[in-house]
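I've put the structures underneath this note.
Shared between the two complexes below is chain A, which has chain B as its partner in the first and chain C in the second.
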Partner chain A sequence: MTQIILSGLLLGGIYSIVSYGLTLVFGVIRIINFAHGSLLMVGMFFAYYLTKTLNINVYLTLLIVVPCMFLFGYVIQKYLISHVLNEPIMQLFLTFGLLLLLENVALAITRGDYFSLNLNMSTVKIGDAVMDWARMIIFLASILIAVILMVFLHFTNIGIKIRAVSQNRYAAKLIGIKLERIYPLTFGLGCAVLGIASVLLVPVYTIFPHVGFSFVIVAFAVVVLGGLGSIPGVLVGGMIIGLLESLTGYLLSPDLKQLTWYIIFIAVLLFKPAGIFGVVGSEEVGLK
Partner chain B sequence: MVLKKTRWKIITFFLLSVALLFIGCGSNTTSSSQEPQEQQTSDDSNASADDVIKIGVIQPFSGPNAKAGEETYKGNELAVDEINADGGINGKKVVLVKGDATNAQQAISEVERLITEEKVDILTGTYLSAVAYAGTQVAFKNNVLWWETNALAPDITQQGYDNVIRIGMNDNTIASVAINAIKDVVAPALGKDVSDLKVVIVHEQNIYGTSIGQKEEEQLTALGTTVLNRIPYDPAAADLTDVVNKAREGNPDILLRTGYINDGILLYKTMRELGWKPSVIMGVSDESTYLLEGLGAETLEGILSICYPQYDMSENYAPGVRDFVQKYKEKYNTDPIMPQTLVSYGGTKILFDILKEVDSTDVQKIREKALQMDVPIGGTYPTGFGVKLDPKTLDNTRAYPVLAQWQDGKVVTIYPKEAVEGDKGIKLPLAGW
Partner chain C sequence: MNALRLDMKKIIGIFGLAILAVIPLFFNKGYFLTIIFQAYLFAALASSWNIIGGLGGQISFGHAVFFGVGAYTTAILFHDFRLSPWISMWIGAFISCLIGIVIAFPTFRLRGPFFSIATLIINELVLLLALYFEDLTGGSQGIIIPYQPSFSNLIFENTMAYVYITFGFLLITVAISFFILKSKLGYYLQAIREDQDAARILGISPFWTKMSGFLISVWLTSMGGSIYAMYIRFIEPKYIFSVTEIGVMFALMCMIGGMGTIAGPIIGALIIVPIDMLLRGTLGGTIPGLNIVVFSVILILFSLFFRQGIVGVVNEKVPLIDKVKPQILRKNEV
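Moving on, here comes the complex of A and B:
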């Protein structure tokens, strides 16, 4: 049972780390970003490509992938999404179009091949339970990212502006915060965090154009469960879903595990739509 | 503002156009690959429709399985080159027409197009079972023969259609070879009796994995082997630790797996991380080179795979297999990369043998002739397949896969013994990770 719980927590770390970017974008800019999984895929392919071509340790690619993903996100927001900020239906079309574009470009380039790194990292034993370093690193990184993001959002000038915009974009505008600067920065930040996730996931998963699909639905569930825009919500929500999956898979059946969190997802939407850490009313599109 | 809106519209239009371009890249691929086929047709431009036999090939020529679809198609192409060089079928040239389908919806429209516009006489395929399943329905309505060479899902031949013949492997023959191999080579290698073996079956939860998993369970139980558990799982799951933890309960000797590539890599990686390796791991189609890249030769060493007939089979069992490799190299300037090519080639050759005899593309005549065929396993076709159709499902009950094993980073055929070249043999039990 120790193994099941530890595996669940490690899985929770994976779910959290892919969800931070989504909660930033979803919580602040109020965009339902269908392309979140595809951006993860792009980051993973990029990290894989750099590892192979530069012949370096995959974790070193963070230095290149993260800034590039920031720029990519910044550009997407500034030149695409900014044009549909007040048109929710168009936002869906746009991010869905982006998903199709990114996945099909990846398909055209890779011809649907699978890519994976065989790192075979060492493991750590805790009693009878075994944990591998690749997942431990993701778990630790997910906690570290939560702390850094919290500090950034609460104690830096830009962070405070981002929070102000997420709470009331019109009031924020009235007091002189430039939305046209905050939105691209937030989207870029979301993509940069997703870039960290991409690199850390490469040693664990096989990369192919649809790899993001395994994570994007669960990422939405994590964000809704934790509360829109809430960083600690993502950490806790990820852990809850990871543990639930692990326990259901082991105690009931692995083919039922996703059903369990789908039910929780719907139950949260029905009974506590703001999520665990969300501000009541924040689930309404754009607080104000 | 107006300018801004206009600019935005242009950007949207551009974005959508690029997306559509890539979505449609399949049809581009198809048309570019159709060049040789058009040439074939132009060679016969003086021939009337009665002088050619048109075969529609339905494959995913675009999308994530485009490469596999193209490779499978090459088997048809090589068989057609061969028969046409030999004067055709009773003087009639064979022409292939491609139909690109990556999913059920596309399968329906492409099969309709091939039948109504291209006027194909016969349809064949398919790398994807879902495509075959949908395509056969349209073929049935139009009473056109569907000659299935590759798809494995059981439901394709369970629809009660008398125009659908599966000459390739199916879930029954896969499960049979897995269980026969356990009885004939695995148990002796472990020094155990089959009734002393403990087996756990792990499979992806859709019809492909479930049907094979269930059949394996039935046949093992009939043999007196203990099946500890049968565990279905979601192949898109982000984590399979629970599957491994469940599978290792009761300390099984053998793990049987049916799934896809990415979930296979994740499953074996998880087993490696958790430090659990049973004495025997036997997967379906675990001979993929993608597994080698993802797991490395050391991890794969000794893993068994129930797979499509391989290129290292003995010439006695699979006559013509070396010749096929040679022809493939000459035409495509590389070694064949997937066994599916050989399977579609072998299946197409069986079709041509029947067409020569019946001298017609009439479904009923072909079905009757196919039902009469009684070819033993090994010694006739380059796949080693025999031919004996099940009169109820029209599945070929003698399309047997082979058992191969990863040895020193290579896939080596080790069962049935008639298919084994030289003195290659099974190496068990598996060493730790």
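Moving on, here comes the complex of A and C:
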């Protein structure tokens, strides 16, 4: 049982680390980014190829992947998404188009092969539970990223501007915050955090072009559950979903492991659409 | 009655449908007929989606659920009891509507993209259940429908028969869309799409209006699923309940053709399906996924530059056909 709960928490760490990027994008720019998982997939492939070609430790690729993902996100926001800022329906189509594009370009390049990095990382024993280091690192990194993002959003100039935009974009614009600068920065930041996630996921997951789609759904669930734009919400939401998945898989059936959190997600949308840490009403700003 | 008066637009529409009726006769070859069948089927399904998605503005990404329920009901009833698909497609549609009502209660309160995300999650939930209840659905093994050609079994040796049955189905969906567009329900749906709060103030019940549009759409989608099951004769959950290959496809075809118009979904499907299948045969054969790359680039370009779809572009360029601007949910600018 300890094993189940611990592996649930570690899975929660994975779920929250992939969701920070989405909470920034979804919470601040209000973009329903279906391409989130595909961006994760791009990062994972990038980290994998760098590790293979440069023959370095996978964690060192962070130094290259994260800045590149920042730029990639910046460019996507600035040249594509900025055209559909006030049209939620078109955002759905645009980001879905991006999802299909990225996934299938990856499919065309890789010819649908599966890649995985065999690191043979050692495991660690806590009580009678066994865990591998790669997941432990993700778990710790997830908490660390939450702290860094919190500090960044609360104590730096850009961070405070980002929060202002997420609370009320009209008022933020009135007091002189340049939305057209904040948006690409936020999207880039979201992609950079996603870049960290993608590097850390490489030792854990098999990489293939459609790996991102399941993460998109998880990330939406985590972000809505935790509250749009809320960083601690992502951490807690990820843990809740990880634990639910682990426990349902153990108690009910491994084939139904996502069942409970699907249902809980719909229930949250219904009864508390602002999420656990969200501001009431925040879910509708930008949609009206 | 105003709706029955002939004008330029209707003449063009009838002329277009007449062309669609004779096209299969000129391409009487196996592969072409397959493409035409799929194009007509998706045209009908996209039109059904358009009733709630285009007219009502409720972008459902979960319509694969109803497509799948229709397909599975027909397949299971035929496989186990040899019940004629002509009967079971109604049973499937009825079950779909019951499921639709269950889905509607929690999701209709959600607005805009949140509705889309919720329907997407429900789609995944149904896929999970379909894979789990193997006794009923055959799980990931799928169901193979035995090959017993006859009219009452809706199984034919000749693809031409499927093409014309699907064309009949397309005509029905077009007729239903047309009468909804001209009826009170159509105006209610459009009012809710433009501004739900304002519509409510005018005395329109958003919930029941959406419910009516949704159930009509669900009913037709499920019927299409039944026809598809008997055509393909092998169904498995991963494809039938697929969001990317089925559910979102309806929405994308409507968007490329022109949302909320009658011709839009049909034009969208007639363009997308042949491009997709021909590219799959040529490009996709050598390099997997390249056909969808082309498709996704078209989609991105349309969402950036031609938001009103092909019908919208034509309307702008050829003002003689229509003066009414087609549907786009332009929200107040920042």
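Structure notes:
Just so we're on the same page, the second predicted complex is superposed on the first by the 285 of 288 C-alpha atoms of A that agree within 3 Å, B and C clash if a C-alpha of one lies under 4 Å from a C-alpha of the other, contacts with A are read in each partner's own complex, and residues count from 1 in each chain.
In the analysis below, a contact is a pair of C-beta atoms (placed from the backbone, for glycine too) under 8 Å apart; a residue touches a chain by one contact, two chains touch by 3 or more.
In this text, all values refer to a predicted model and were calculated from it rather than measured experimentally.
The superposition on chain A brings chain B into a clash with chain C.
By the touch criterion stated above, A:15 is placed in contact with chain B alone, chain C being left untouched. After overlaying the two complexes on the shared chain, residue contacts for A:215 are found with chain B alone; chain C is out of touch. Of the two partner chains, chain B and chain C are each touched by A:83. Once the two complexes are overlaid on the shared chain, A:191 sits clear of chain B and of chain C alike.
In the superposed model, A:107 lies in contact with both chain B and chain C. By the touch criterion stated above, A:265 is placed in contact with chain C alone, chain B being left untouched. In the superposed model, A:138 lies in contact with neither chain B nor chain C. In the superposition on chain A, A:146 makes contact with neither chain B nor chain C. Once the two complexes are laid over each other on the shared chain, residue contacts for A:245 go to chain B alone; chain C is not touched.
With chain A used to align the two structures, chain B clashes with chain C at 294-302, while the other stretches in 168-176, 294-302 or 312-320 stay clear. With the contact threshold set out at the top, residues 80, 83, 94, 97-98, 100-101, 104-105, 107-108, 111-112, 209, 213, 253, 255, 258 of chain A are in contact with chain B in one structure and with chain C in the other.
The residues of chain A lying in touch with chain C in their complex are 32, 80, 83-94, 96-101, 103-108, 111-112, 169-170, 173, 179, 209, 213, 217, 220-221, 224, 253, 255-256, 258-259, 262-263, 265-267, 269-270, 273, 283-284, 287-288. Chain A makes touch with chain B in their complex at residues 3-4, 7, 10-11, 14-15, 79-80, 83, 94, 97-98, 100-101, 104-105, 107-108, 111-118, 120, 123, 130-132, 135, 204-206, 208-211, 213-215, 218, 242, 245-246, 248-250, 253-255, 257-258. Only residues 4, 8, 11-12, 15-16, 18-19, 22-23, 25, 63-68, 205, 231-234, 236-243, 245-246, 261-262, 265-266, 269, 272-275, 290, 293-296, 299 of chain B touch chain A when the two sit together in their complex. Residues of chain C touching chain A in their complex: 57, 59, 106-107, 109-114, 116-118, 120-122, 124-125, 128-129, 131-132, 244, 248, 251-252, 255, 259, 287-290, 292-293, 295-297, 299-300, 302-304, 307, 328-334.
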